[in-house]
Every structure is written in structure tokens, then in C-alpha cells.
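Naming follows writing order (A, B, C, D, E and F), and every chain is counted from residue 1.
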Amino acid sequence: MVYLTRRETFNAAHRVYNNAWSEEKNKEMFGKCANKNWHGHNYQLFVTIKGKPDPDTGFIMDAKKLSDVIKREIVERFDHMNLNMDTPYFTDQQPSTENFCVVIWALIEPFITGGVLHCIRLQETENIYAEYYGEQ
Amino acid sequence: MVYLTRRETFNAAHRVYNNAWSEEKNKEMFGKCANKNWHGHNYQLFVTIKGKPDPDTGFIMDAKKLSDVIKREIVERFDHMNLNMDTPYFTDQQPSTENFCVVIWALIEPFITGGVLHCIRLQETENIYAEYYGEQ
Amino acid sequence: MVYLTRRETFNAAHRVYNNAWSEEKNKEMFGKCANKNWHGHNYQLFVTIKGKPDPDTGFIMDAKKLSDVIKREIVERFDHMNLNMDTPYFTDQQPSTENFCVVIWALIEPFITGGVLHCIRLQETENIYAEYYGEQ
Amino acid sequence: MVYLTRRETFNAAHRVYNNAWSEEKNKEMFGKCANKNWHGHNYQLFVTIKGKPDPDTGFIMDAKKLSDVIKREIVERFDHMNLNMDTPYFTDQQPSTENFCVVIWALIEPFITGGVLHCIRLQETENIYAEYYGEQ
Amino acid sequence: MVYLTRRETFNAAHRVYNNAWSEEKNKEMFGKCANKNWHGHNYQLFVTIKGKPDPDTGFIMDAKKLSDVIKREIVERFDHMNLNMDTPYFTDQQPSTENFCVVIWALIEPFITGGVLHCIRLQETENIYAEYYGEQ
Amino acid sequence: MVYLTRRETFNAAHRVYNNAWSEEKNKEMFGKCANKNWHGHNYQLFVTIKGKPDPDTGFIMDAKKLSDVIKREIVERFDHMNLNMDTPYFTDQQPSTENFCVVIWALIEPFITGGVLHCIRLQETENIYAEYYGEQ
């Protein structure tokens, strides 16, 4: 078993805000992350798959094909978007790095061939990242 | 003459959109950067000053004091903000990396002591940055 | 189960030297790391916790609160300190990256809420880091 | 159990090309990676060992000695070499990042002392890396 | 005057070898860089232009258009190529980082609009880069 | 004229403390940087030379030879040392990043061949660096 990781990047706006709470409680709980008019990040996404390298190609899954999947399923959907307003994934949950990882796993997992999806790592800033290894 | 550079970081949302143009022309000129609901970046700001190190301290300007100035004048103003909506600096000009550098220069320059401001470098993504050295 | 990692940085001096050994044996075993008058590093600390994101916040533990814990328990204790002289943790063991990870785990673990501590990763130089996952 | 990782770097040329296939199929499958006259990479190698820190040294294995092993067994063999032409490891398999990890594991594993080899991570570009944890 | 920098990356093989010299002198002068069967690098290219931001766009030159120029003129020409064998630029001069910068300047300069080309910076490894500011 | 930069790294301990001042004034001016028992940094040194590439080699100065000079003159002198106690350069001036740049310039400048020394850049932390271009 070998693991292969491919990185892609995208930029998006978001806001962490719980509509069931008062403005005050949102400020208390989320601080600047609840600011009304959004803020944004340069996201770095690392997708790790695992499997046996194919004897003909030496690849688990061609890193170029894996890149194509990530670009089509994730970058096209989220790049230069507002996570709260432009996508359907964060209407019932916060667009936190943690939740975003789980969303990305579900979107990419059906398209992994040659191996299986092992980990979604999403870096939000140089100081914060989340990882999801699927339901276990 | 020695140069000292201090880095600080902040996150913000923005949109590049010219109100004098049609929706179509904006899309043609700015592509995804004109998306309606904003996107955002992790900005890295590098402030460079120049001067002679003080014989008593060895510092041009204490890097901690320089950090305090940058945090008070720039990070407090822009961190987790929408550059277009929450600040007065981009109503008559685009919040491009180029223009943002010039805005930052004007905000920081009055507070540099010990030396003089030499350069504002603003990194918008890992692939794009702008620099401004003042009017010359 | 999702994993969240927060990075903090600090600078410290240390020396690897075994008092039970001769000067010669220390030099032979530790080389420059045993130099008499200390040397130092810019440490990067990565603290990883795991848990289920809270439905209200989307967070396992608020990254800001996790940052506060790391700053209070680790950065305040070790930043700009001499690990051997200024702290009680390395009188009976070497201030190696490996041992330092275990020390940090014990100091942070009681204050993790929402999830549990998963990993302490400490980067000593760009070429060396250690990780500790607790007693297992 | 603590984990220690040491990074080393080297540069090499390679080409991914399956001699059992036609030129057309190689181009279709491997794209530019099959270009006739080679291309190359700055490889970053991360070797992770695990074990209990020695009470006298605080080390699992002295990072300097681990570095010496990696330099002697890997950097000397592969630095400024053509993986396909100058080494015997890729005559029956492709010099993919995945296969290269397995080759490096076998070369380094016999020389790890104090602990055991845990992981070989090989970064081929800033966007691609592979990991191998041995046969399990 | 504001400066804008755009980064692009590519991978290539090369060899530094002077045909007018003996094998021994090449080894003595160039060491491993003269190895017969090539080696390679992940090149990072930083192209800096200078000019006045356009009042309508806020851009000196649209970073996307600058990226398109770099990809068409440089990445297409050199990515996954052998600098010595596959390109006409290094038949009468060595493919050193220094010379490569001058070659890239000449290829990109005619296509810069809005501002003028200011600097070509080419990073060959994490430890070596060259810069060229044109004939002055 | 082309510029070539070579990076080397070393680790050292230091303390910023003015003996002509009281303990209180030192704390007030230097904060944690004046802590009694030293702290330290992973220094990154970037040495830039400028000149015309030699027609035979394509090099201004062979980057390997430049590396040898930096290692002999700087790394050997300062690596794993206490800047205040183990070196004669900071008895009459503070071991600030600014002053350290000027010291390094004087030590390296006599050994640059093929071109001339252009800049010493010394990175003390990821947030602070100084540059010196010689007396002008």
C-alpha cells in the first residue's frame, strides 16, 4: 500500500454565523469570523489516495487525472465563490474548515479510481488546517 | 544604510468590479475576480524600512514597535473585512493588489520612526504579489 | 471524527549535554549540539486535536481558544527562554525534540475541550521534527 | 513511542515511459512525463523513524547519524543522476514517486538503529508527494 | 510606479558541460552538475513588471494575462524538456541559472503590456536563484 | 549584469542587552529579547553577488564555491554558537539582525570572486529579516 497526495489551491469568501443565535452571541462565539460582510482565504487542498501502484504505469492513480478530478469537482465549485451564498453545502452547517473537509470528501470520493480516498486535508491559513479520513 | 522587514498577515474579502462597465464587460475583463458575492485571500504584508541602526539598541526601529504599528494601522482596519464594503479606500479605485499597496503605504508611513519607509510588499496568493516604493 | 491542527511559534535556547559523561564523550556523541554556551531554534509547534464538529459552531474546538491554550501553556513558558536553565522540564532528561514533544503533550492535554489531543508535532529546524501521539 | 523525521534533498532526471507500449500510447498515458529527453525534479525526502528516546541522549536515533545514513544510501546514489539510466532500480518498473518511495525504504531500512523505520515520504513537486509505510 | 510579480513553475532536465574542455576539467569545474545523463530541477519563475495601475482595472497588467504570456512563452517551451537537447538557447552557452534568466527576459519582454518588464527571477533549488534586470 | 543568490542556514543563541542600561530599562526597551539566559534562532542567510556570467561556465561565481565561502566564513563561525559570548563581533554593538548583516558583509566580501558582493539578507524568524548592500 502506497499513498499519493495531490495539492490544489483556490480562494473563497465565507462567514461563520449561526442564524439561531443573537448578534451578540455570534460575536462572542465567533469574533471577527462572524463579521457581516464576509472575509476570505487562500485554501490549500491536499487529497491523499492509497492503493497499489499499477505495474504498467507505476501510478496508483495518475496524478494528472487526480488533479483533473479535484479541479472539476472542487476548484470549479468553490474558487472565487462565497461558501455561504453561492454553494448549497453550508445552509445547515457552518463553513468551518472541519465541515468543509467532510463536504470535499463526499464530492471527490466517487471519482477516485485505482486506489481509494484516504484523507482530505484543507489548509485555511498558515496556522490552521483540518483533516478528514472518512467514516470509520 | 540597513533595511529591516517585518511580516504580518490578515484575511479579507474583496471583488474587482468596475461599476462604470456592464456586467458582460466586467466578466470579460476580470473573469472570476468579478464574481458577485466576493471571494477572499490570506494576505501577507511585508513592510520594509531603511535607516542606520541605533548604537544603543542595534535597531533601526524596534521590530516589535514596527509590528505594533502594522497591527494597529493595517491589521485592525482590514483583517476579516470586506475591502469594498467595510473600508473607504476602494470606492473610487479597485481593491487590486497594486492599489492596496499604495493605500497601505499612506497609512503606515506617518508612524515610521528611526528610519524611513522603503517598501510595501503585499502577497495576495502564492503566485501574485505587488510592491510599492513611494512616489519617486 | 475530524482532526484540527493549530500552529504556533516560539524561539528558545538549549544545549544537549549529559552531565554523567565526560566533556569528550559529550562532544563525540552530541557534536556542536553540546557547545557550552547554548544555541537556539525557531520552534514551530503543531497541535492536532480530534473530535466531532459541534453542530452549532462547526468547530471541534474553536481554533482561537486552542491558540489561547497553546500560547498560555507553551509559548509563555518557553518563548525566549533557555530550555535547560529556565524551565524545570529538562533537568533529568535532554531537551531533545523528541522529549520536548512529550513535555508539551502533558502541559496541553488537560486543557483540550470538545475533542481530545491527538498529536504534538514540533519542528526544530526545516530538516528535523518530532511527533508524539500520547501513550498507546 | 515517539516519531522523528529528517529531511534531505536531491535533484535527479527521469522519464516515465513503458517500453511495452507504442509511442502513441505512452504519450496518451503519460503526456509530457514521457518526453524523450528526460526532465527532472528537486526531490525532498522525509524519513520518519519511531521508537523510545534513549534516556542518555534523548534521541531515538541521532538526527545527525540518520542524516548520514540518508546521504550515504540515497543522496549519493540518486543526486544529479538519471533515475532510468544511472540506477538499477527502475529497469522493471517506472520511476514514479510511488515506486521510488518503496525503493528508498528498502535501501534505508537496514541501517536504522535505536528505532524502526516508519515512513518514507518523497515530495516530487510542491503539488505531489507519495508515502510508504512498509509492508503491513 | 508599482511593481507586480507573477510566479509560474516548470520542471526540466539539464547538464552543465563545456564541450571545449576535457572530461576531467568538466568534472573538476562542474562536479556532479556535469554528470553525463542529466539531472533536473523544479524551476520557480518570478516575473516582475512595473508601471502605473490602470484607473479602470487597478492593474498594471492583468495578472491572468501575464500568467498566460509566461505559460505560452516559457512553460510551453521548457516544461518537461531537456534544456540542452530540446531547446536552441543553450548550444553556445551553458544552461546555468544566470544564463537562463537572460534567455527568459528576451522571450517575455516583447509581450509585456501596460507596464515594462522589470526583473526575471529564477529559482533553481531552495538554495539558489538568479535575477536579471535587463541591460542597463 | 546578473545577480546570483545562495542560501545557507545556521542556528545560534543570542541576547539583546545594553550593559550601560539598568535591568529595568533593558526590559522596557528589549522585552523578552533581553532575557538573561539567552534564546536562539534558526538563521537563514541569503548572499547575493552580481557580475557577468563567465562565457565558459555560465556562472558569475560557481554557486558551490560561493557555498564553500559562506560555510567557511559564516557557518563555521556562528553555527551552534552564542553570538554574544563565543564571537568577538558583538561586544561593542548589539547582535541585532541589522548589525549581524553588516558583520557578515565584512567577513564574506574579501572572498567573492568573478563578481562583487551585492547584498546580505539575514532572516531571523519567518516575520523578520534585514538586508545590507554595503556602504554606498
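Just so it is clear, a residue touches a chain if its C-beta (ideal position, glycine included) is under 8 Å from a C-beta of that chain, and two chains touch if they have at least 3 such contacts.
Predicted, not measured: the structure shown is a model, and the values here were computed from it.
Visitor: From the centre of subunit C, which chain's CA centre is farthest?
Guide: E
Visitor: Which chain's C-alpha centroid is most distant from that of subunit A?
Guide: Greatest centre separation from subunit A goes to chain F.
Visitor: Pick same or different for copies subunit A and subunit B, depending on whether their interface residues overlap by over half.
Guide: Same: when the shared numbers are divided by all numbers used, the fraction is over half.
Visitor: Roughly how far is subunit C from subunit E, going centre to centre by Cα mean, in whole Å?
Guide: 41
Visitor: For subunit B and subunit E, let me know how many angstrom lie between their CA-based centres, rounded off.
Guide: Chain centres of subunit B and subunit E, defined by C-alpha means, are spaced 28 Å apart.
Visitor: Using mean CA coordinates as chain centres, what's the gap between subunit D and subunit F in Å?
Guide: Taking the mean C-alpha position of each chain, the two centres sit 34 Å apart.
Visitor: Taking each residue of subunit D in turn, which ones touch at least two of the other chains?
Guide: 126, in rising order.
Visitor: Report the complete set of touching chain pairs.
Guide: Here the touching chain pairs work out to A-B, A-C, A-D, B-E, B-F, C-D, C-F, D-E, E-F.
Visitor: Inside the complex, what are the residues of subunit D that reach subunit A?
Guide: Residue list for subunit D touching subunit A: 16, 18, 20-21, 29-31, 93-99, 101-102, 126-133, 136.
Visitor: Mind listing the subunit E positions that touch subunit B in their complex?
Guide: Those in contact with subunit B are residues 1-8, 48, 53, 55-60, 62-64, 67.
Visitor: Considering only the defined contacts, which subunit B positions touch subunit A in the complex?
Guide: It comes out as residues 9, 11-14, 32-33, 35, 37-42, 79-82, 85-86, 125-126.
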